[in-house]
Amino acid sequence: MRAQRSPRAQAWLLGCAGVLVALAIWTLLAQWLATGGGVINRLPPPWRVLRDLVAYASGELWRDLLFSLRVFTIGWVLGATSATLVGLTLGRVPMLGNVLIPVIEAIRPVSSIAWVPLSIVWFGFGLTSKVFLVGLAVFLVVIVYAIDGSRRIPHDLERTATMLGMSGWQRFRALVLPGTLTEVLIGSRVALMAGWGTVIVAELVAADSGLGAHLIAVQQSYNVPAVMATMLCFALTGFLMNAAFARIEQRLMPWRHDVDRP
Amino acid sequence: MKVRDRLLLPLVGVLAVLAVWQMTVILYRLPVIVLPPPLDVALALVRLLGTHAFWRDVGTSLFEFGSGYAIGVLLGIAIGVAIGESRTFRLASTPVVESLRFIVPFAWIPLTILWFGTSYTGKIALVAYAVFFVMVISTSRSIAAVDPTLSRVGISLGMGRLQLAWNVHLRAAAPTIASAARAAAAIGWIAVVAAEYIGASAGLGLMITNAASSLATPVVIAGMIVIGLVGAGVSALIGWLARLKLDYR
Amino acid sequence: MTAVERPSIDTAAQYRGGAFAVEHVSHEYVSAGKRTPALADASFTIPAGHVCCVVGPSGCGKSTLLGLAAGLMAPSSGRLVWDGEVVRLGPNKHIGMAFQQPGLFPWLTVLQNVAIGLRTRGSARREARRIAEEFLVTVGLGDFQDAYPSQLSGGMAQRVGIARALALQPRMLLLDEPFAAVDAFTRLKLQQELLALLRRYRPTVIFVTHDVAEAIAVGDMIVVMSARPARVLRIIPVDAADRNRASAAFAHKLGETLECLGVTQ
């Protein structure tokens, strides 16, 4: 019988093999296309991209990254906070909720990207415009979690609260608020990628500062390796933020398992 | 909730929003450039529907979306099934797929412009990429999550691996794949519009951006409504098709 | 059970099962470097057309035995012999299986569920439907052909599962606690129906159960297994007189088996 490696070792080995195969295909494609192969006539090999990445990192990356992160953080915080407040209100006040929640449900599928031109008309190309778009994107994601969280109080907890004779305010503090905040936290992590993706679109359109602006700049100077390097930076930041937030979520709420992981 | 409530209250909500909108315009005496009254937007929309250019733009965007979507869905499901069925393949491809996932479709826009210019090829590739990733990930997961009892039954009935994958796994995972297809449509549609904001020679996104540059706000808002309606329409269509053929629940 | 017309297949002669022998079979699972023994040197023989009930504590390896008999796994040591031939790894046309969870495909109607086994084994569509229909009538579900599994009760779904296995006209039938998930009354009914079906079609049967009374009611022999790693503790024959639950013989057989399992009354 074949010796069985531990599943983890196997996963690692195969995963690395997969990555190596992907890189090999990339390099081969770059080789083939460089000699006039097809439509994509500028595909730099991986090491060129890596070299540009390193160059970028020892230069302007951090400044651009800071700009982008600033836009993202402000937008994300504003979006999540407003979603929590609105969600709480709509969730607990049936009259408002029944009327306005269908409206929100109708608007939600329309991504905040659709608002980009309007945002430009309203706010121009500056920080406000970008923060608005990111905030809107985050809002639209978190609002569902906020409404759900504020409404979904387990029935027996409600009964216990009644039995203990809790006042409305006490009930709110002990039951509604923690439940809502838990859901909002989860929703805020889901909204991370939505918000970060919106940052890039906003910066691509505005093209004044941040990673997106750099992306446009190198695109316009036909610098393909730099374009790919910038894309990698963007993806890496998104990944790190996601991982960091997942860890925080794990510490704060150890009883919830991460729905995102396979 | 009574049917009357389900219809009446949303209607009230919409009317309330429209009323607030109108009030805001009047109270703050907002110029049309900033926030046009609802009626102006409605008129702009009607006017648009009468122009040839509008339909050409919508048609272009839909064509780009449709082609990319078809490619993305077919490839995504095919490879998703392969990943779901083969443990080796799944382990090998997971790091690559999971990392590429973090490069949101929008980040690819400048690259597609570099490679394909502002023609429709780039947009189709973009949509195909975005849709492919959604479908690959959800298909592989739902195939892997099929009730093992069903697999056991299939094997005991003498099904080979291919038969098992096609007759049992794919059919069992079909409802989940169908809802993923709906979500993918929403993402693909917005990817087209975003790409057209940034670099296009035709399409709905370009039309709206042009309107924004000339501060024709009623047209901008009308365009946003069109984006929403088309997106909803496509989603509903896919949902309906799925329910027809695939959803046994 | 409702009275049924004789199906058009000549039953008794056609698929009377052959003898099945388990010869010094041991099996262990290996995963992540750990070896988990499941069976330890099990040996017994089932005469042709007999029903062998395997009883034992939960998780002791009874299901492993079924998997080995079906050719889904190869034993770590020893061999299983079916009708003179060693059981090989891979699908086996002569075997039908039914599980605790009927595992009906929710996207197919009841009829299509019973027919699909025949289809994957190469029958033409019309032929498969005809046979499937007959067997559904046999288990009393002729009126539910076009229903979907979600519309069936537990007992009905289990009947469909058994019909599906029998429709393959297997010479060996493997049943893995088929009535465990069903309520007590339905279980008694299903036992009677199964008995009648088996008398008619006469495959060789391995019936795994944790319910000793059920084993006596249905089986021709009882193989008592120990806790993991499962060894054969004793082989207890059962005859017709023992099956009457109201009889002293039944109680006696029950006591004997339970004592063997280490459960004293």
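We call the chains A, B and C, going by the order they appear; numbering starts again at 1 in every chain.
FYI, a residue touches a chain if its C-beta (ideal position, glycine included) is under 8 Å from a C-beta of that chain, and two chains touch if they have at least 3 such contacts.
The shown structure was predicted, so the numbers you read here are calculated from the model rather than taken from an experiment.
Chains A-B form the pair with the most C-beta pairs in contact.
In this assembly, A is the chain whose CA centroid lies farthest from the centroid of chain C. Computed from the mean C-alpha positions, the centre of chain B lies at a distance of 49 Å from the centre of chain C. One finds 18 Å separating the Cα centroids of chain A and chain B. Between chain A and chain C the centroid-to-centroid distance comes to 53 Å (mean Cα coordinates, whole Å). The part of chain B that touches chain C in the complex is made up of residues 147, 149-150, 152-153, 155-160, 163, 167-168, 171-172, 174, 248-249.
Here chain B touches chain A in the complex through residues 5, 9-10, 12-14, 16-17, 33-34, 88, 91-96, 99-100, 102-111, 113-116, 121, 141, 144, 186, 190, 193-194, 197-198, 208-209, 211-212, 215, 217, 220-221, 223-224, 227-228, 231-232, 235, going by the rule given at the top. Of all residues in chain C, those touching chain B in their complex are 70, 72, 91-93, 95-97, 99, 101, 103-107, 116-117, 120-121, 148, 164-165, 168. Of all the residues in chain A, the ones that touch chain C in their complex are 1, 4, 6-7. The touching residues of chain A, counted against chain B in their complex, run 10-11, 14-19, 21-22, 39-42, 98-103, 106-107, 109-111, 113-118, 120-122, 193, 196-197, 200-201, 204-205, 215-216, 218-219, 222, 224, 227-228, 231-232, 234-236, 238-239, 242, 262.
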